[in-house]
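One structure, pasted below without further comment.
Naming follows writing order (A, B, C and D), and every chain is counted from residue 1.
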Amino acid sequence: MKTKKVAIVGASGYSGEELVKLLLQHPHAELVAVTSRQYAGQTVAQVFPKFAHQPHARQLKFSEPNVDQLAQQAEVIFLALPHGVAAEFAVPLLKYGRQVIDLSADFRLRSAAIYKDFYAHDHPAPDLLASAVYGLPEVYREQIKSSALVASPGCYPTSILVPLIPLLKAGLIKAGGIIADSLSGVSGAGRKAELDYLFCECNESVRPYGVPKHRHLSEIEEQLSLAAGAPVVIQFTPHLIPVNRGILTTLYLAPAKHFSNAAELFTLTGQITECYQNAYGNEPFVRLLDNKRLPDTKNVVGTNVVEIAWRLDPRTGRLIVMSAEDNLVKGASGQAVQSLNILCGWPETAGLI
Amino acid sequence: MKTKKVAIVGASGYSGEELVKLLLQHPHAELVAVTSRQYAGQTVAQVFPKFAHQPHARQLKFSEPNVDQLAQQAEVIFLALPHGVAAEFAVPLLKYGRQVIDLSADFRLRSAAIYKDFYAHDHPAPDLLASAVYGLPEVYREQIKSSALVASPGCYPTSILVPLIPLLKAGLIKAGGIIADSLSGVSGAGRKAELDYLFCECNESVRPYGVPKHRHLSEIEEQLSLAAGAPVVIQFTPHLIPVNRGILTTLYLAPAKHFSNAAELFTLTGQITECYQNAYGNEPFVRLLDNKRLPDTKNVVGTNVVEIAWRLDPRTGRLIVMSAEDNLVKGASGQAVQSLNILCGWPETAGLI
Amino acid sequence: MKTKKVAIVGASGYSGEELVKLLLQHPHAELVAVTSRQYAGQTVAQVFPKFAHQPHARQLKFSEPNVDQLAQQAEVIFLALPHGVAAEFAVPLLKYGRQVIDLSADFRLRSAAIYKDFYAHDHPAPDLLASAVYGLPEVYREQIKSSALVASPGCYPTSILVPLIPLLKAGLIKAGGIIADSLSGVSGAGRKAELDYLFCECNESVRPYGVPKHRHLSEIEEQLSLAAGAPVVIQFTPHLIPVNRGILTTLYLAPAKHFSNAAELFTLTGQITECYQNAYGNEPFVRLLDNKRLPDTKNVVGTNVVEIAWRLDPRTGRLIVMSAEDNLVKGASGQAVQSLNILCGWPETAGLI
Amino acid sequence: MKTKKVAIVGASGYSGEELVKLLLQHPHAELVAVTSRQYAGQTVAQVFPKFAHQPHARQLKFSEPNVDQLAQQAEVIFLALPHGVAAEFAVPLLKYGRQVIDLSADFRLRSAAIYKDFYAHDHPAPDLLASAVYGLPEVYREQIKSSALVASPGCYPTSILVPLIPLLKAGLIKAGGIIADSLSGVSGAGRKAELDYLFCECNESVRPYGVPKHRHLSEIEEQLSLAAGAPVVIQFTPHLIPVNRGILTTLYLAPAKHFSNAAELFTLTGQITECYQNAYGNEPFVRLLDNKRLPDTKNVVGTNVVEIAWRLDPRTGRLIVMSAEDNLVKGASGQAVQSLNILCGWPETAGLI
């Protein structure tokens, strides 16, 4: 299979590191450049000792980020940069005719106005929003195939959208009143020297944050609205828990049709089962648990899998859906590589199973 | 102040251990007996080395549980036993005229039928249910004062009832549609040699369990119904997180009166503030956080405090209330000691601050 | 018993916080001032929410550090400051006739030359070194009683000196070839926003550091030399482990007299038992474990206790001694309060049991 | 490259699980059978949900262990069984002409007497001891190539032997007085439902155990004696720390030749550097750190790498060597797969990088 040369801009954070890991071992992608202002001149093995047993990590050096050079070196470029900064690279790289997979929030929204509402500054490249594809392969696989600019989804959004979209599309749940309660490992906060993320501040601690208006709501609601065919506003509460990796989301949903007896429960059970089976029965990275199991982040950490389980509660009439993922893999870098595989016509699981 | 002799039956689990700790350092209670079939004959210091620097812990020995003896030795007896077993001790001890503070679920419900529905066996002493007082001091302080049998609340129920009851009583929220999403440390599962609670099975893991019908729902809903003056059914999802201690609960609530503009938001904000201030402004163990803070279990672990914060979300019209407590202190043994203080006419904070 | 007014300078780090906790609940000390440039104007309850249920914490405010004011307000002043800075407060406070308990390294050494060798700058107040008392009550109780300047020991030194000094004094072990292998929780690194101490960098990680010349060696060796009556040089390797609190030290020692048969083993066992019993049999904060137990940090965390166990290894002829302590309590603030109790003539365990 | 059919007997513990993981993704080995009395009939995906995204894991079922069947199905059989039990399978499988890689302690020693001394029962198959090869590829690569029975080393032994053997062989250190202080994650204790390994008993805890005579000493000392050409007795202290995986070992060594000035230090530094470079410069799974780095388990977890760093201490004259490994990979299953690769003539890093 034809290989492609790929590069990573901004590879020194946690998702950059995970992306390096995945691309170093990818069977078809050749990692030709990684950039970092801080680490320029050092090898990947020096910056990330855990990869030092891989020969390529001992040769490849971090370089200063330079658009012209990147455009010459690589065919596909990953951007693992803060929002706002990513666009500065995406715009010229696209002009060079390169394909860009952006892990930041810069191109995830279609609306520049919503971007401004949630990110508090004007969008740096509003013209590109229409052409960017939201890189959730389970929903946008066809569009990713021919896209020049893939906006890879956020970690919380992935954990919420994957379980919700099929239900909304099938009309099985009400679009109103959705609640998403999420728990995230500390790597989600990034590799930043802040007191809040010190070991002693996170260990033996659990806390909500960003209540009630977290930035990720913007892309979650835009995607849910597209699925529902009508505006969707949800309640979302993120919590920080003392694990390195993993997001567990619990969704509280109202079935579109009330069930009040065993027969209706049986029917709805069948419909939800079928809905998920149709949507994800053949998806390599969505694991539908049987009715005896519940998701557990330890079963997905280090993999590109989202686990999903659900229960109908006859006492309350609600549908509870739970998902688990690795925030750095399916929630970030693994999903970006999944998009790469689709873009390049490689098997979608290449380098991920 | 007059001291009282107290005993603990079943002191070898995590909440028994916490109770021993609190009573060893209590200024007015004298711990005269601790029982444990497993540890009979050993001193408290031998079984719990962490208390060995306290002289009394080196003298006091575990004994076989014996009702007659306990009735002779102690005036107030704590039962830290599995549900079903606690009643076997409570019945004869009450006949002896002793006061009993029971940490099990045996006497928390008023209805023997609901007990059977949730605990899957007949209630062992249904006659006592009417006279038992639910030991939540913030709600039942007066009744505890003269009670012979205090049923100390469960850990999840405390974290849910303390923030909810004032809102329901004041009619500020709808009684329907309440959702409680809770995260608990592993000590909540007790000191049991089961694979599920091994370090490697819990560390770097987060998972829901007991969905959708956890036993604690029975006492939660009974108490909420009493507060609301009408039957309340709630949605409750417990999750296990890798900390030793602490429960964080996030409540999703619908204000009784819809708010759709800034003025209504302002009014409702004032009403909720006033409601909580009236209910808990003088409570020594309820901490109402200001509007810049959110609860964090690390700020309550080792104390008898429940932290509460809340936010109104103008986007969804919902009220989000969050609470944090130590499941072994306010959620179990600390609250039981708080009841002891009330029972005995001691300052309510004795031994707890 | 007569109370005394005490103050803490620099109370915003982890050991400062622990000191605040201990002094808030102390039966004889009255905490009248806490200083912090960063938090001046805020109450203790605002800065440390976990103390907010204590009335005094809601009233006492942090102030800017000011020597004149401190001298007026308090009779005993604790310094919880970085080394080098502590001396700037100690010198004028002593001139005012106040008693100072310093938790920094500034006055732990008798030799200004050794200070310079290990701390890389001239000692700021060499004249005071002779009069300062090393605040290890188990060794210097009498000297602490009348001291104006107590230099409270470091966390690693305490865990090493307490088990070693009696053996050296009794001549039971050789002074040469001592090895101390120590494991410390992350709070030992202080509350500093550095990448190395982020949750994700410490969790699921163990690592040695500061090999082979850690600063604490200076005070360890000075004290061991005094005990041995001859210069002692030791091997010391600290490691960082993912717990909030706790130090576990394993000491590898050579008995002064070789044992090569059961009779000699028996004799030596008796001598060591007797040595420790004589030294610590009546010490309230040293726990000599019986020969079936080994130290575990979880049994000392939150207490002022050092646990000690030892084994003679007939295969190697060595004596292995193991100790456990809470680095923030016996290793820092608890020990400082123990010195306060001695200074003030209060029961040594006041506020600590 | 020719594939081989392999089987795992006893695949339900932590090292069995890791072996399943490595063999599922191995490019040349075909995992045809996994046995477990407890899980017979269930698929690998059902027992280990984390592998369920791999198609083969959804097909392969656990079976009851049956020697005849195993001999028919597989060419190489891994035994991940308790010591004593492994021999019961090894003996008949070898008679069938199969190759066996045993992860238990059964065939690691050459001396049945030492086995009995440390394991407290007669060796079950002493005749096989002479022909078994100790499966440490860095030392016994040639012997493994043609071996029918590979005894894969223990986790602690690997972390101690890899750094020590070259130094002993080169005569750079004294064979007497060696001290190994090791810290291990909790998975080293196996997947056993015991109170000691509950989350709440291990979290926020550090403790030594098995002092002073741990079973692993037998194989460590036998191998060191072979390397030194004379009997070696060492001091070994294992500690349990709250991480899932990882062993960190700190070795305290006496250089064979005393160094007392800068020139001698320089010479010895060169000799040790050269010794390790010669021994491991080309080893794919031994990482010699430069003199600015120290080992950290987080850099080896999930890999088959041992990290090694060392320091000469001019103050004490000692050599300190530190190593880090993943106890389940290089310390168990990864090393076993490394032996498989050697046995089968595959690239030694196949499936491991």
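Everything below uses one rule, namely that contacts are C-beta pairs under 8 Å (C-beta built on N, C-alpha and C of every residue); 3 or more make two chains touch, one makes a residue touch a chain.
Because the structure is a prediction, the values reported are computed rather than measured.
Q: Can you name the chain that lies farthest from chain C, using the mean of each chain's Cα atoms as its centre?
A: It is A whose centre lies farthest from that of chain C.
Q: Name the chain pair with more contacting C-beta pairs, choosing from A-B and B-D.
A: A-B
Q: Report, in whole Å, the distance between the mean C-alpha point of chain B and the mean C-alpha point of chain C.
A: 37
Q: Centroid of chain A to centroid of chain B, CA atoms only: how many Å?
A: 39
Q: From the C-alpha centre of chain B to that of chain D, how far is it in Å?
A: 47
Q: Where in chain B do residues touch two or more of the other chains?
A: In chain B, 201, 203-204, 242-244, 296, 298, 301 touch at least two other chains.
Q: Residues of chain A touching chain D in their complex?
A: So the residues of chain A touching chain D come out as 25, 49-50, 52-54, 204, 284-285, 287, 289, 293, 296, 298-305, 307, 353.
Q: Give every residue of chain C touching chain A within the complex, in rising order.
A: 14, 186-187, 191-195, 197-204, 242-244
Q: Quick check on the complex: what are the chain C residues that touch chain D?
A: 179, 181, 183, 201, 203-209, 211-213, 233-235, 237, 239, 241-246, 248, 250, 252, 294-298, 301, 311, 313, 315-316, 318, 320, 322, 324
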